[in-house]
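Heads up: the structure comes next, in structure tokens.
Letters A, B and C mark the chains in the order given here, with residues in each chain numbered from 1 onward.
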Amino acid sequence: MTQKLGSFPGGLKLNGQKKRSTQVAIRKMPLSKKLILPLQQHIGEASIPIVSVGDKVLKGQKIAKAEGHVSVALHAPSSGTIIAIDEQPIPHPSGLSALCISIETDGEDQWIKRQPIKDFTEHTEHEIRQLIRDAGIVGLGGAGFPSFIKLNPGVHHHVETLIINGVECEPYITCDDMIMRERAEGILDGIEIMCYALHVKNCVIAIEDNKPEAISALELALGARPHLKETNVVVIPTRYPTGSEKQLIQVVTGKQVPTGGLPIDIGIVSHNVGTTYAIARSIKHGEPLISRIVTVTGREVEHAGNFETLFGTPMHELLEFCGTKRQPEEPFILGGPMMGYNLSGDHLPVTKTANCIIVGVDDGAKASTPLPCIRCGECATACPVSLLPQQLYWHSRAKDLDKAKEYNLFDCIECGCCSYVCPSEIPLVHYFRFAKTEIMNQQQEHAKADIARIRHENRLARLELEQQEKELRQQQRKAALAATQAAKVKQAAELPTEPQTTDSQETQ
Amino acid sequence: MPLSRLSSPFLAGTNRVTLQMLQLLAALIPAIIAIVYFFGPSVLITMTLAVVVALLAEAILLRLRNRPLKPFLTDGSAVVTAVLLAIALPPLAPWWLTVTGILFAIIFAKHLYGGLGYNPFNPAMVAYVLLLISFPLEMTTWLPVANLSEHPLDISSAFQFIFNGQLTSSIDTVSGATPLDAMKTQIGLHQIPAYIFQQPVFGLWGGKGWEWINLWLAVGGVFLLYRRVISWHIPVAMLIGLSTISLVTWLIAPELTGSPLFHLISGGTMLGAFFIATDPVTASTTVKGKIVFGAGVGLLTYIIRVWGGYPDGVAFAVLIMNMLVPLIDYYTQPKVYGAVKR
Amino acid sequence: MLTAILAITLLALILGLVLGFAAIRFKVEGDPIADQIDKILPQTQCGQCSFAGCRPYAEAIAAGEVDINRCPPGGEATIHALADLLEVEFKPLDEECGVEKPKMLAVIDEDRCIGCTLCIQACPVDAILGAAKHMHTVIASECTGCELCLPPCPVDCIDMVETKPKPNTWRWPDPAHIDLKLGDQP
């Protein structure tokens, strides 16, 4: 179906590198002996454990509950025993550790009693959202935002279009492509549930034109569901970074999400295809989110492909399963080559946001010292957000962070288009990430300093008050003493004069 | 295999500074051949001298500033400055003219501002202007093309003249004006442009020989556009700016100067449009800014040519617009995605 | 000659009037300078600057009595910010006041604490919780690392511990240090 599409400025035409990992269907990664589950695999507050060391858990059992509003639950991906709740290295560019629950699996893979729902319309939208939250579902496109929040239009907003993001614009990643090819029915189930929760009928499934098999699979499945007549597959020209939410909205609808706002402000909600499928599984089959499809690809991977992997699986086991010529502790890319991180730990677990692992990038960036910026402006031409990366670079480099904020540093989506085209090979995205964390750190420090100042002033006020009260009491006591003294003297003066013999006898 | 960068992206495009500079030099080759054809091989000697001195000066300056030699000497920017300056200088320019110019360009106009990427003014144009103002005689002494076709100059004589100041072949005179110079002075003497055009220094539409050189420079420029080394905004804006003001003036007061076509293919127009004004370091960086910058260069070139004190205004126009670049960039920022109308 | 003098004098008078008018009409009401300085200081209230807290130091700077380089917890960043605000020259940190250290937090060793409340009285931001003959403990999120609780403790049970970085407070390293290893590049 043809639809008038918008476009965004800049962007890149990249070599997809998708063939290597789409030759075989999705395979299942075998169960690992140990599963390490970070309590924070999503944006928002970390989950709180509700099990203790030594507890036996079943597959799909809730082991951590949501904390605060922007949070979801966490579930055991397989049956076994909780062997530790401690700090373990997590997949993060810092290489730091965080609190994780470690499970030793017993090999039985025994499910808890699941509660599938045949007709979700028997539940209210609120109940559906809570079920999704309790199933631990977050955005599986890579960001990990709790999905139930994006299924709540709220009282002030009206959703006009639901966009299902099957674009997958970054090279090497093919997990969304495969899930669309093989599990189209599940995706449509998810769409039905989401449309119900959002009170919306119009749905667009956006797919890039380099995925013909996925397009036909979904169109075929849609053909068999006449009640979804307002759901359409829209084919988008392949260009990076169309898959980024804001850019996708601009392409599909021609509208822009206002700065500092959300897509719901212009009546749009967007979810990844993987998330849509997970929502269908959770409601229709009662299965919480315990696994995801991970693409493993790259020059050094023998059996590249997509693998259904349980969360907590150590990444090196997954890489060994695919036959990688990798040395221990050798770095690999988690995510795509344009926006991912390079990690080198061997025991890092697969988490909800781990969509792809690449070992050995073709046409990778070489290790060369960058030249100074020659002010060519190619970066500004390539930027899909119409920023001026050159100015952001100069100001970030000079640590002039206020100026960087003025040039809309926080609107940067870190897509990497600017770094890619830079003739001096300057790591621009690194500068912007550095500037952003510096600014956030500064804001935190200022907030803390403000609190410290208030506490100090309160303390001084309290001491002052205590001092005043003390003086007041002293004065009162003095006054009271003086009064009693005066009374005594007065009393003595009024008494009749008696012989002092008894007194003098007592004093001897 | 170790990854080069700490942060994504881990892919890199093929755009490189050295590649850009090499393509620029390649685009100049047809024009250089034309210059040799019309003005003799002396330009090659000047070019070689300029390149050698430029690289030497750059190496010494890099050492003094504690910078590594290899990345900066191989980026090609000094070579490009030297070649552009050599093309802009008159043929048979004495060796000390070239050396002074290129040294000033590399040392003062480039490294003292911070080296590659930090200079606000185009180094080749700074050198040209310095020489023009300090040594007006040598800078306005051009070989007449007509004479050359009868008495071709060979390379050894050229060499001797450049380094010794003496000519051994049978050229009667070696001084002459450029077409723009001739047009300007003759008009000052109240001659009509149409009659001025009959003089032997002029060819079909512009200066004899000059029109071909400008044409080949334009071809080189189109090559650069095709290879995306430069973007179309600055050359197109400059040429349109120049054509517009010259067309309007010519329609109103044709006795003031030559035709718009004359201006487009005379002097440094094409060199300026495609090679000099497009220098990324000193030109505007925003898209709208490039158009403003280019148009400004075109307008100022014409104004200086017709009403100013020098026959050709490209160098001055470029330097003046270089000064205005920060202002232009500030006021031509693009509207960021999602920016709310205030 | 006379006309020249008259012309210049008249010009000066007119411009003076314009400036005076502008000074009154466009006067900017801003924070008193001491408040602005206090906003920049880190509020550690440690007294290393030899003033009884950040506010007195800020007022002294505003009065022009002291230098801007006396705050070790604020470090170079604070001195730069003060130099920018007051439009004076940057000066490196005065060694007599202390050295710039990474942020530390006070931790009370509960086995050794005797419940004497001396540290509670010393803490300038009331970050220590406790009472006489009861366990004392430092509220980590409020501790500014000023170290004023260390001297009063009679059993020396307070240690300064470096804060461990967490993934969500981690900062990307400065790329200018990593990639441009070009001699003594600033």
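We take it that a residue touches a chain if its C-beta (ideal position, glycine included) is under 8 Å from a C-beta of that chain, and two chains touch if they have at least 3 such contacts.
Model, not experiment: these values are computed from the prediction.
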- If you average the Cα atoms per chain, which one ends up farthest from chain A? B
- Note on the structure: Per-chain Cα centroid nearest the overall protein Cα centroid belongs to chain A
- Task: Would you mind pulling out the distance in Å between where the CA atoms of chain B average out and where those of chain C do?
- Result: 53
- Message: Quick check: how many Å separate the C-alpha centres of chain A and chain C?
- Response: 34
- Task: Give me the residues of chain B that touch two or more other chains.
- Result: 6-7, 68
- Message: Multi-chain contacts only, two chains or more: what residues does chain A have there?
- Response: 93, 369, 427, 430, 433
- Message: Which positions in chain C are in touch with at least two other chains?
- Response: 172-173, 175, 182
- List of chain B residues in touch with chain A within their complex: 1-13, 15-17, 19-20, 68, 71-72, 75, 77, 114-118, 231, 280-287, 290, 333-340
- In the complex, chain A touches chain B at residues 8-9, 12, 14, 93, 171, 246, 250, 256-261, 300, 330-331, 333, 335-342, 360-361, 363-369, 371-378, 380-381, 384-388, 390, 408, 411, 414, 416, 419-425, 427, 429-430, 433
- Contact set on chain C toward chain A in their complex: 38, 41-45, 53-55, 124-127, 142, 144, 165-167, 169-176, 179-182
- Contact residues on chain A for chain C in the complex? 40, 90, 92-94, 96, 98, 369-370, 397, 426-427, 430-431, 433-434, 436-438, 441, 444-445, 448-453, 455-459, 462
